[in-house]
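Common to both upcoming complexes is chain A, partnered first by chain B, then by chain C.
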Partner chain A sequence: MSRIETAFFEIGSLDTLANRDSFIHRLDPRAKLVTTLVYILCVVSFDKYQLSALLPFLVFPVVLLAAGHLPVNFLLNKLLIIAPFAILIGIFNPLFDRQIVIHIGSLDISGGWLSFISILLKFTLTISAALILIATTSFSGVCLALEKLGAPRVFVLQLLFLHRYLFVLVDEGARLVRARALRSFNGKGTGMTVYGQLVGQLLLRTIDRAQRIHQAMCCRGFSGEIHLLRSFSFGIREIFFTFGWCTVFIFLRAGNVSQVLGKVLLELVR
Partner chain B sequence: MSHHIVTVKDLSYSYPDGTPALRGVSFHITHGESVAIVGANGAGKSTLLMHLNGYLTPGEGTVVIGDYPLTKATLPLVRRSVGMVFQEPDDQLFMPTVFDDVAFGPLNLGLSATDVEKRVEDALQRVDALHLRDRSPYRLSGGEKRAVAIATVLAMSPDILVMDEPSIGLDPRSRRQLIEQLAGFQHTKIIATHDLDLVLDLCRRTIVIHAGQVMADGLTGEIFNNHQLLENCHLEKPLRLQGCPVCCG
Partner chain C sequence: MHMADALLSPAVGGTMWAATAGTIAYCSRQVKKEPDDSRVPLMGVLAAFIFAAQMINFTIPGTGSSGHLGGGMILAILLGPEAAFLAMASVLTVQALFFADGGLLALGCNIFNLGFFPCFIGYPLIYRKIVGASPSEKRIFSAALISALIGLQLGAFGVVLETVTSGISELPFKTFVLLMQSIHLAIGTVEGLVTAAVVLFVLKARPEILQYAATDHTYGWLSMNKVLTGLLVATLVTGGALSWFASTRPDGLEWALSEVTGRQEVAAPGHGIQALLAGIQNKSAFLSGYEFAQAEKVSGPEGGAEDWPAVDAGTTVSGMVGGFITLALAAAIGLLLKRRTRIEAT
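Our next item is the complex of A and B:
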């Protein structure tokens, strides 16, 4: 359990990073959100066997990491935590798709392996971009940007509350599990029945808490709408950032830059 | 005309499952008074507080806040004049940052952006928490959370402050700071608590509730010296009024 607690504590560290100051941090959240969405769309739109054309897309996370003064370790850590999900999605590809598509010298590579690596690469690129977005904008910043861009209010509120109470919920769950662990011996008391009761208990507590929160909101004049005081300004820097990057992405998507570079290099060698 | 007056008359309330929580509670609190509501667990303190901000509507009897009897129609006015500080600050601080949280009430009142800014700053300054303005509530310590929770209520400029166990979970120093801050507020204060020493510091008047009824209503000093009353209501003398165990003084 302590590992889960630590992992959640690290989610909080994303917001700490978002409090830093850099050119990227100061940009309007909408600019970063739109750019990241376009980036993710471009990356996932590639064919499942595509590898070389994906590599140049690394430029976006790398530049943002550097410009946002973000520690690389934090990103690698997070990627490792989520990696099992991506591996699980692609791990069976090499078994089902055994058709050889590439020969590198005497090494034959099947389509399955190629698509597996492609999935991992897409995962790395998209998740990095999303994490960097939150680490430079903060979760609430992203939510507000979504709202300003026309996402349904209810959806944005759900996200905001989810983020706020995720930590409280994990704390509460951790306390329950700790209380159980302290009075369980030799595997007794840790079975499914107790687990079920634990989850039920957590649900009841959550409902109670939700009622108290609603009460607190009503006391301060809540009438179905949440107002936030934020001034956003989409200036020349934002326009430059968004259009600049989007042009780069579309250019990278349209042509295979790795291949072109490779050919140029080969020509030069000859 | 005064908004700072609370009158509760013959208030009774039973929970939907039939459990009676309040049975004919009556009292009258006037402008600027600081009143403690004490009683054992389950005596009905929290239920009573929920009537004062209109979260529960009286089963029988009436609640009058300022000039308004508590009804559905007067609810917004009542909530505007009664500021409620909850027992658990995590329930009260639900917005992404401290600033957003303190601004929540004033924005719902429809104030302009500059007025809201000013109110938030004033409120945070009064509880010494201006430096926490951009922090996330879940990252704050217990004492800081309590201070911000009080600021969220102060920002609405209420006439009456209602507090449920304000000193619970605070370390001795934070508790002392809280007492000093509360002593500085001019509002009418109603404090439900088990911390009887805090009551000695802050409240001249105490209302003792037991099994949903008012058992005593009078000067704090007199009530805390009434040994029989305290015992009947499952209470004890505040530590400060008890003899010293070392010197038997």
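Our next item is the complex of A and C:
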């Protein structure tokens, strides 16, 4: 399957997940957006050698996955696909930072390895939070939440239009790619001249399509002003959700819960 | 090439988000003022086009590897700077949300790196200057190549600055810069060639599209806002990065003093008004010596000239803070003067 067809499936699958029903799905998108942003800020604000303090933050994705009845596989698959990039970014740290920071028995661990694993952890946490946000709130939900929170209407409209026509254009692009592949006898990749003509054709069709869309809008009474229908309600459940989770994040950020738990356990065992 | 959340500090991420949000607000206002309402569906559909085009790979001649289009320049050529920035921002948002291509905090950085430089620097300052009002094949080819190259180089440099000022990755500045700039030289060339290929196709098939796009924009785009933003960016870059290259050797006055008195600074008296003021200055200066106060210094080679460039978070921050304070002071003085002249004029 070519890259463009895979992209088609990925966007479609996340949208399908967002149409499910659960307590999390029914929450107002603004609550989920704000909570996710606070989560990402907290995770990212740790310094580069922190490992144990990051681990309790796994509670947020895990709880949302369970409460939202989301399949764990989709998240793990996505993480595995992104993993090579994360490793590529972080692998320089062990090479450049060789200062020994801790000793475990006879094993000396350099700061570089600590920061590498910290980067991987941060990667996992932030990406999971973003994916779960989309899987529990559809893309249009996030866009409308942005508009309510103050983003310029033109930009939100742009996002909504993009989402709407993405599928149409990706489908058309996939057909062009498949047609070229079927007509290339030795299967060599697309050269630049052919690519230019292919994409150029797609562009011309796109511009024509834009004209037809505008004419259709005018036929249906478009006069320049766009109105958005939003049926949101920010109630007591959203307030509890947002404030509850933000308190948890700040509590986890302020103190190292893993260390405390570890100490308590060791005291009990002794 | 997209920045990741894991490499950003909240300060850098927040700053870049502020810059991006400001630019989005400005562009939205400009697009709203447009009298032509067919703009809105055109922007949306072209963004979807760029998204689809990015998914189609082509082989790079000579290396055998495959590449894909970035798209900033094509959008700028067809839509103009403001609309193209919004379109690019929307494409990157979808990529971040659906494909985890760069995180949500890094989205601000990515939109700035991949959107601002092609749309507001590559297109108006390079492409339009070369192509002018009469697009010909040769001009379009060279304009697309040069503007894509420069846009990508600036974007890559943006990534380097953001990563190094965040301080989470261990890559030293020099290595990182050399790596990124050289890789993006190649990527920029390919992007330029592909952009040229697409635009030339459109020129041959339907030249009226390019004509319409070229004449549709008002020439009064050079507003005060843009000039100020440009100055702010330049200040940040100079204060932030170039301060590392500030020489650590003594300046003219210190050299003269050391030759005459044997010390680089005049010894201050330990009592009286000077001592009082010096005490106040010591307490209030949190960036004394242009560096953060070091609680415990990491032992290294002492004495003599320090490492150059003196890449230090403290120097960068003090450079940026100094730049901001200077700008704020300048703005305050400007406002005061404005008020004075207005009163005097009546």
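Note that in this section the second predicted complex is superposed on the first by the 258 of 270 C-alpha atoms of A that agree within 3 Å, B and C clash if a C-alpha of one lies under 4 Å from a C-alpha of the other, contacts with A are read in each partner's own complex, and residues count from 1 in each chain.
Criterion: a residue touches a chain if its C-beta (ideal position, glycine included) is under 8 Å from a C-beta of that chain, and two chains touch if they have at least 3 such contacts.
Just so it is clear, the model here is predicted, and its values are computed rather than measured.
Look at A:S140: by the touch rule set out above, it reaches chain B but stays clear of chain C. Of the two partner chains placed by superposition, only chain B is touched by A:L228; chain C is not. Residue by residue along chain A, chain B and chain C are tallied for touches, and C comes out ahead. When the shared chain is aligned, chain B comes close enough to touch A:R220, but chain C does not. Applying the stated contact rule after C-alpha superposition, one finds that A:G189 touches chain C and leaves chain B untouched. Touch criterion not met for A:V260: it reaches neither chain B nor chain C.
In the superposition on chain A, A:L131 makes contact with chain C only, not with chain B. Of the two partner chains, chain B and chain C are each touched by A:H163. Once chain A of one complex is fitted onto chain A of the other, the partner contacts of A:T206 are limited to chain C, with no touch recorded for chain B. When the two complexes are overlaid on their common chain A, residue A:V44 makes contact with chain C while staying clear of chain B. Counting contacts as defined above, chain A residues 139, 160-161, 163-165, 168, 209, 213, 217, 222, 226 meet chain B in one complex and chain C in the other. Chain contact summary for the complex, chain B toward chain A: residues 50, 53, 55, 76, 79-80, 82-84, 86, 88, 90-92, 94-97, 99-100, 103-105, 107-109, 113, 116-117, 134, 136-139, 152-153, 156.
By the touch criterion stated above, chain A contacts chain C in their complex at residues 2-4, 7, 10-11, 14, 36-37, 40-41, 43-45, 48, 78, 82, 85-86, 89-90, 92-93, 95-97, 112, 115, 119-120, 122-123, 126-127, 129-131, 133-134, 139, 142, 151-155, 157-166, 168-170, 172-173, 176-177, 188-204, 206-207, 209-211, 213-214, 217, 222, 224, 226. On chain A, the positions that touch chain B within their shared complex are 12, 15, 19, 138-140, 143, 160-161, 163-165, 167-168, 209, 212-213, 215-223, 226-229. Remark: chain C residues 4-10, 13, 24-25, 27-29, 31-32, 37-38, 40-49, 51-53, 55-61, 66, 69, 74, 86-87, 89-91, 93-94, 96-100, 103-105, 167-172, 193-194, 197-198, 200-202, 205-206, 209 touch chain A in the complex.
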